[in-house]
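As C-alpha cells, here come the structures.
There are two complexes below, and they share chain A, which is joined by chain B in the first and by chain C in the second.
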Partner chain A sequence: SSSEHKLNFKKSKEACLSYIQDAMLQKQWKRAAEFLTFYIESLEKDFSREYVNPSEMIWRIGSEILCHHSHSSMKEFNSFTEQMKTLGVKRYLKVCLEHAFHLLCNGQIDEAYQNLSMAESWRFGEQTAIQDKEMKLVQAYRGLLDYYSWSKQKNILLEHGLDGFEDLSVEQEMHSCFRKAAVNLKEIIKVPGVWDFFVKCYVDLLEFYGDHNEARQVLNEYAYNSKFPANPNAHVYLYQFLKRHGESKKSLISALKILHDIVPSHELMIDFNTMLQKSKKRKKRRLGLEVIFAALDYAGWKENVKAWSCLARQVKQIVISDKHLDWIKQEWNSRKDWWPAFHFSRYLAKRNWQENKSLSYEKALVAGILLGKDCKYFKYVSHQGCKAQVKRFRILKKFVNKHNLVYVRISG
Partner chain B sequence: GCWIPLLAPQDILYRGVLRRKLRTGKSTATLDFTKQLGHFFVDHPEDAFGSLGQLLHQNFYLGNSKLRRRARDSTIRMTALMEEIDRLEARRGCPRQHLVPRLRWFSHLCRDWLFEMPLGLLADCVHEELLLQWADLLFDDSPTGGALAWLPPEEMGARTGRLVYPGGQAMNHLYFQDVVLEELPRARGSPVQFELNGRIRQVAAARVDGEDFLGVRSDYHCGVWRVPGRTGAAPTPLQVIRTDVPASCLTVSPHLPGELAVCTQSGAVYLWSIEAGLQRLRHDPQTMFFRDHSPWRWSDFTAHPRVLSCADRTGLQCLDSRAPERCHFDLFKVGEEAGCQQGERVVLPMYLGRAHPSQHLVTTQFSVYVLDERLPMVPMLKWAHMMKAPPLFAHLTPGDPGRSHKVLLGTSHTQELLLLQYRGGSQSACQLAGPPQKLHSIAGCLHHLPTQLPHRHHLLQQRLSIPAAGLAAALQEDGPRESLLVFQLSEAGDIFCQRLTHKAAQPPAPTTGDKATKPPVPTSGDEPAAAPGSSPLFETPAGSPLGLSNEEEEEEEQTFYFQKRLFTRKELETPAGPSALHQQARQRLRQAMREGGCIQCWDLPAPRPPPLPQPLEP
Partner chain C sequence: QSWPVYEEVYNKMLELAAFLDLPRFPDITESCFLHPDMLCMKYLMEANLPDELHNWTCRVVKKISVGEADFLTLVPGNKSTRKVKYDVLAAAVIVVVLKLLFLLDDHYEWLLSDFAEERNKNNKEGGPYFEFKKWYKVIKCSLDVEQNKLDEERAKYLWRCEKPLFYSADKKSKVLKRRQMVVNLQNQFGKLSGSVQPAEKPNPSSFQLSWSEENTDGSCFHGHSLKGILQEKCGLLTAMNPDYWLCTVKLCTEKLCGHLAHYREVDFPESYHFVLRLFSFLLRIQPSYIHDEVCVIEHKLFNKKLCKKPKYNTGLRK
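And then the complex of A and B:
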C-alpha cells in the first residue's frame, strides 16, 4: 500500500542518514560521500516538517565532507555551495556567509569579498526578521574585510610616510575603505548581541580619524545598554579606551568598578587593586582590599603570585599602621570558614614551597596575619625558609611574631 | 510564564526504537494490573493480609474432610472455594468465562476488611509504580553522571591508578581496583570491596589536596569515601546520608576537601560538608524557567568554591551558598538565546574547571554547549551531537596549554561514545578542534572476539548489549607516545577499555587511497571552515581556527574484556573492511533507492531485553 511505501521510504532515508553520520564520525569521508549521493534522492519526496530538513542536512553534511575529503578541491567546494544556494531560498544568506568563511580560511580574501557583496545585493520576497539579521551579518563581515584592507593600506602609508613618500591613490583608497567599513560596522553593533570583534575594529577606525567622541559613545553604548548581554569585554574595551586617552583616575576606577561587579575574577582586578591602594581616599583603599580578596576567592587565582603580593602588601600596611583592622575583619568574616582549607592547607604549603618560593612567601605572610603564627601554612613555610637560610623568611617570621595578636582581633 | 507542553519521556528518547514502536502502535504500556496485585498477594501474604489472617485463621478450614457440627458454627470450609479458583485458572482466556457467584460473593464480602492496606489505595500505588517503570524503560535518568571513576596516580610518572565501580548481582558492591597501565591495563591484586544496601547509580570523584574524594549515590543513600593519594592506601568511608526522596545527583567539590553537592527529586539542593553537615540551598518542586514536570535536578561546583550551579531540565542557575536566596544568576536557559529546538531539555551539566576555571558543559538530547560563567546565557560553543540517545555520561581530559581539551560523551542504552576536542576560552574564542570522533561501543567488540558456539555467541551478544552505566578515561604518557585509555562500564558490571593513540596530524597525503576500507583511518591535517571572529547569532560559528589544530586523536583497535576473564586475553586483530552485514545493508539500500524506496524487513535489531544482570558461566 502507499502508506507502507511511504513509511519504508522514510525508514530507508533515516537509515541512510545514520550511515552517513557513522562514516563521518569515523572520518571515513569517502564512504560518507557515497552515502550522501544516495541521500540526495530523499529530496524528491520531502514532506518533512522536521527541525532540520533534508536539503539543509545535505548542505551541512556535504560541506563537512568536502572540507575533509582527500580528493576534494576548492573548485568543487565552490560549485557545491553554489548549488546549495539555489536549493533553499530561506537559507541563501547563511550559505553565502559560510561560503565566505571557507574562502577566507583558504586565503581567498578577494573571492570572499565578492561573495559577500553578491549576497548583499540579493533580494527575495519580503524580508523576514531573521533574514534582516542575517543580511546585517553579511554586511558586517564585508565591513570587516573593508577594515582589513584599510589597515593594510594604512600600514603601507605609515611605512612609506617615514620615507617621505606619499601616494595619493593609496590614501584615497584607504579612505574609501574606511567609509565602506564604518557604515556596515556601525549598523551591526546597534543590534543587541556580542560583537566584540566588530566593535574593536570600528573603534580603531574612529580613533584613527580622531573621532573620539563617537568612539566613546559607541563603547559606552556597548557597555551600558541593558538590551545587550552583560559582556565583561565591553567594559574592558571602555577601560582600555579611557586609559589610552589619559582619562582621569576617577573615570578609570568607575569603569573597573563595574567590571569588578560583573566579573570579580577578571585579570584587570590586579591593576584595579594597585590603583585603589595608591589612592588617598580611605573608601577607595577599602574597596581595593575588597577587590583583591574577592579575586582570590576564585580557583583560577590560587597560584597567582601578583594577586597574593597585592593582598600581602595591603594587609601588611594595615597591620603596621594599626588602622582599619576592621576592614580585614569584615572581609575575613565571610571567608574564615573556608579559606584555611582552600588556600592554607599543609598540602598546599608543601607544594607551593616546592614549586614557587615567592608565592609561598606572600601566602605565608597573609596566613600568618589572618590565622596567627600557629597556622599550618605559615609554620611550614617559615620553618622551611629559615632552614634554607633565606633572609626574607626570617624577617617574615619576626614580623608575624610581632603582630601575632592581630588574628585574635580580626576573628573575634 | 508561558505554557509549554509537558515533556514526555518520548521526547527525550530521540528517535529511539521504543518511540518508533509507540508511534506505529505496535506496543503500548500493557499493565496487567490484576496479575501484578495477584503476585503481590502471593509473594507477600504477611504484608497483604497479615493481621486479619492471623486473627481469623482459626475460622477457616482448608481440609477435605467434613466439618464437625460444633466447629461449623465458627468455621468456614474453604475447600470448595479453592476448587472454584483452580477451575477458574484453567479456564483463563476462555471468552465465556464468568465469575462464579460464590467467588463474587466472597470477594464482595471481604474486600473492605481483609486487606492490610485499603485495596483502592494499594491499587493506586501499584498503578503509579507501573507507569513509572514504563517511563523508566523509555528514558531512565537515574544513572546520569555514570558509575565509573578513574583515580589517576598521584605522581606524574607513576602507572598505578584505581578504578572505582559497582558490581555484584544487584550492583550494590563498591569495588576499588588497583590498575597498572601497561601495554594493556592490568588489574593488580584483588579489589577492596564494600557492600552497600542499594543499587549504586552514580560514582563521582574529585581530587583535592592530593587526596581523592569519592561520592557514591544510590536511590536513598549517598556516601562519601576518602582515598589517600599513596598507592596501596586503603579507602575509608567517611559519611552516609539517607534521603526520603530518591537523590538524582551527587557531585564532589574540586576545591575543598569533603564537600559535595546533593540534589533530590523533590527539588532540593544541598551542600554537604563532612564537617558542617547538610545545608539546604534551595527547595523548589517547580522548575526554574518554565513549567516542566521532571523531578530531575542536578548541581555542580563553579570557579568560586562557595557558588554552586543548580540545574533542572529547563536550564542552569548559579547560587552563592552563603546567601542562596539573594545571590544567584542565570547561567543557561533552554530557549531562544541559546538557539534551542522545541522540546530541547538539559540532560547533563558538568563543570569543566580542569580545562578552564570558568567553563561549564551542558548537554541536551540534541546538542552540547560550552558556557562561560563570566558571560552567562551566551553559549561559547554549540554543536549538534546527533547521538541516538541523550548523553548521560561525560568525561573531561584537560589538555596542557596549547593543546585541545578532550570531552567524551556517552549514552546508556545505545552505548554510543563520542570524542570531541575543543580549545580556547581565555585568550582565543572557544572552538572545536577537528571533527568529532565516534569510539567503539561495547556491543561492537563482539566480532573481534574468537568464534563461539552458537548458544554461547547468543549469550555473549546479550551480555554485550546491556546498557552502559558509566565512563572514565585515563591519560597514559610513555615518553613521546601518549594515549587515552577509555573505560566503559556496563550495567552487568563489566568494564571495557579502548585506547586512543595520539598522533600529530600529518601533512595532507593524497596517497592514502580508499579510506573506507580501513575503519580507523589515518587523518590528514586538513581543516574545516572557520569564521573569523565568532558571533553567537550563528549556530555553528566556528570549526577550527586558521592554521591551528595540528593535533588529532586517532583510534587504535584495542578492545578487551576487563573485569571478568571470559577468554584468554590475546591481541585482537583489526578488522579488514566493513562487516558483511554492513555491505549487505548497503547493497539493499542502494537497490531500494533506485527502485523508489521500498525495503522489506528493514527492521533494526529487536529491542534489547530488559537490563537484568545475567550471570554467564566463566
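And then the complex of A and C:
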C-alpha cells in the first residue's frame, strides 16, 4: 500500500492537469499558462494506452489559453498551432480545421483559405483514408469560402452592370469560383448531417445559374431523406424555395404540414394558418384551426397580434356560419383548464390594453366567444374600449353579446 | 519515475550497511542530535507546543528505555536489535504525551481548553496557560497553507533529465525534435505566466514551520504554561486527565503483514488524526508510520497493565 502514496510521474502530471483546469475555469490565464509549462514535458513520455493523450490536451488547453490571454496575439496562436500540426499526425486535419475556424473568427479569411487549401493537399499514407471525414469537412469549408468569393464577385458585376461596365475577368473568376464551390458543397450535403448553411449557399448558386431542378432535388433530399436527422430548417428552406417559384398551394401546404408536426410554435405557422383558412377543403380549414391554437400554446406567441388576429378571424367566421362549432369545442377541450389563466387573466387584460390596443381587441374577441361576455378579460377590455369610444370595440361588444351562448355550447 | 518512499530508503540503508559490513556506529548519547530528547525538543518547537512538554517527553523516553545508547545505536547486520527511526520515534513520543495530557478523544481536550481559558482570565502573573483550542486554530491554518504550497510544488515538479535519452540511433532525431518542441512550448507559455518570482533562496534551516515569541499576535505557544491543565497532588503537578485509550490492544506480527499496526482513519478520533497529520507533514511520511510507532510505545509504556488484565481503556495514574 505504500506504492499508492508514492509520488510518481503520472500522479504528479494528473495533479498538474487539475490545477490547469481549475485555473481555466476561473479564467486565471496566467496561472493556467504557468502550470501548463510544467505539464508540457509529458510530451516526452509514452501515453499510448491513455484515453486522451497529452499532445491533445496540450493542443486544446494551449489554444484556449492563447485565445483568452491578454498578452497573446494571432501570431503566437498561429505559430503554436503550426507546432501542434506536427505533433500528432492522427489529428492533423482536425487541427487544420480548428485553425481555419479561428482565423475566420478573427476575420482573416484569406489566411483561412490558404490553410484549408494546404490541408486539402495533405497526404499521409493510410491516415488520409482514416481521416476521410475531416477531409470532407476541409473541402466543404473551402467550398464555402469559394462561395463567399463568388458572392463578392457577383455583387461587383451587378454594380458594374448598373454602371454599364462589362468585366470579363471578374465574370470568369466568378464562374470558376462557382465551379469549385459547387463541387465541394454538393459532396458534403450527401453525408447525413445538419448542413443548413451549406445547403442554403448551394441552392443559391443553383438558382442563380437557373438549375431549379437540381435545387429542388437537393432540398427534397435534405428534408425527406430519413437518414438525415430531423431538421425543421430543411422544411423551411424547401417551403421558401417552392414559394419563390410559385408552386401550388398543395405543395406549399404539404411542406409546412411537417414543420407544424415538428415545431408547432414556428413563426411560419401564421402563413400556414392563413393559407389553410382560405382553402376550400374542409379538412384544411380544420387543420388551420388546429395549427393556430397550437402556436398560441407557446409563451413566445402570447403578445403576437397577427397570431391572435388569425385565431379571431377564424373563430368569428365559424361562429357566424354556425357550422363546425364542434371544431372549436375539440380544440378548447384540452385548453379550457389553463388558457384562461395563461392568456385571459385580469392582469393581462390591463396590460394588453395599456400596451397594445389591437392585441387586446383580438384577444377580447376570442375570450368573449370562448369564455362568455362575463369573463374578466372581455369585461375589462370592452369596458375600456367603449369608454374610450373606439368604434370597433362597440361593434365587438355587440357581436359577443349576440353570440353569448356559444361558450356554453363549446365548454360542454 | 517516482519519489522513493521513506520505508524503501530506510530498508536499503540497512541492507547497504550490512553489505558493507560496517561496524557499530558511534554511540548515541543524550547530547547527540539524534537522541530522542533532542529531537523531541526540535519537534516541539516546530509544532509550536509549549517547552514545558519537554519534561513529559523526557519522562516517557526514560520510562520506556528508548534513551539508552544500546537501543539507539545502529549495529549493521545485527538482526536481533530493533531498527530505530529517530525522527519517527521522537514524533510518536510527542503524540503519546499529548494523549496522556489531553486524551484526544474529540471531547476531553476541548473541555480542558475551555477550563484553561477560564483560569487564564484570572491569570495575572507569569505566562498565559496553554489552550488547546487556540493552538489548534493557529496550527491548522498554517498547516493548510503549507500543505497547499507543497501540493502545488508537487504538481509543478519537473521529471525530465537534462539530456534526453534514446535507445536507438534512428529514434535520435525524433527524440531531439520532440525535445526542441517541448523547450519552445515551455518558453512560449512561460512568457505568458506573468511575473516570474525570483527563485527564493532555499532556507538553510530544516524547520518548515517557525514561530517567534516576538510576534505580538500571540501565535507562538512555546512559552505557554501547562499549569492550566495540570493539578497539584501530593506536592507534584500531575495531569488532570485520568484516562487513556490505546491505539491498539494487540500488535501485529511484523513478519506476517509488514506492519505492527494498521491505521484506518475511521477508527480514531479527529484530534488524533490532526496530530498525526501535523507530524506526517513535518516528517514527509505517511501517518501510518507514526501510528505504528505510537502503538509500540504505548505497549511498552503500559506493558504491566496489559499483561495483567486485557482491557481496552486502562486507567493510568501517574
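What we mean here is this: the second predicted complex is superposed on the first by the 395 of 412 C-alpha atoms of A that agree within 3 Å, B and C clash if a C-alpha of one lies under 4 Å from a C-alpha of the other, contacts with A are read in each partner's own complex, and residues count from 1 in each chain.
Please note the rule applied: contacts are C-beta pairs under 8 Å (C-beta built on N, C-alpha and C of every residue); 3 or more make two chains touch, one makes a residue touch a chain.
Fair warning: this is a prediction, and the values are worked out from it, not measured in the lab.
Asker: Please work out whether A:Y19 is in contact with chain B alone, chain C alone, both, or neither, and reply first, second, both or neither.
Answerer: both
Asker: Please name the chain, chain B or chain C, that touches the greater number of residues in chain A.
Answerer: Of the two chains, more chain A residues are contacted by B.
Asker: Answer with first, second, both or neither: which of chain B and chain C does A:F9 touch in the superposed model?
Answerer: both
Asker: After superposition on the shared chain, which partner residues are touched by A:Q83: those of chain B (first), chain C (second), both, or neither?
Answerer: Second partner only.
Asker: Is A:L36 contacted by the first partner chain B, the second partner chain C, both or neither?
Answerer: A:L36 sits against chain C, while chain B stays out of touch.
Asker: Looking at chain A, which of its residues have contacts with both chain B and chain C?
Answerer: Common to the two interfaces on chain A: residues 5, 8-9, 12, 15-16, 18-19, 29-31, 34, 38, 41, 71.
Asker: Show me the residue ranges of chain A that touch chain C in the complex, using the header's touch definition.
Answerer: On the chain A side, the touching residues are 2-3, 5-9, 12, 15-16, 18-19, 29-31, 33-38, 40-41, 43-44, 58, 62, 65-66, 69, 71-72, 76, 79-80, 83, 86-87.
Asker: Taking the complex as given, what residues does chain C use to touch chain A?
Answerer: Going through chain C, the ones touching chain A are 1-5, 7-8, 151-152, 154-160, 164, 175, 178-179, 181-182, 184-186, 188-194, 286.
Asker: Show me the residue ranges of chain B that touch chain A in the complex, using the header's touch definition.
Answerer: 15, 209-210, 254-257, 276, 303-306, 322, 341-342, 353, 357-358, 374-378, 386, 388, 418, 435-438, 508-510, 512, 514-516, 519-521, 523-524, 526-533, 535-538, 543, 546, 585-586, 589-590, 592-593, 596-600, 602
Asker: Which bits of chain A are touching chain B when the two form their complex?
Answerer: 4-5, 8-9, 11-16, 18-19, 21-31, 34, 38, 41, 51, 63-64, 67-68, 70-71, 94, 97-98, 101-102, 104-105, 133, 137, 141, 144, 193-198, 229-233, 262-263, 265-266, 297-300, 334, 337-338, 341-342, 345, 347-348
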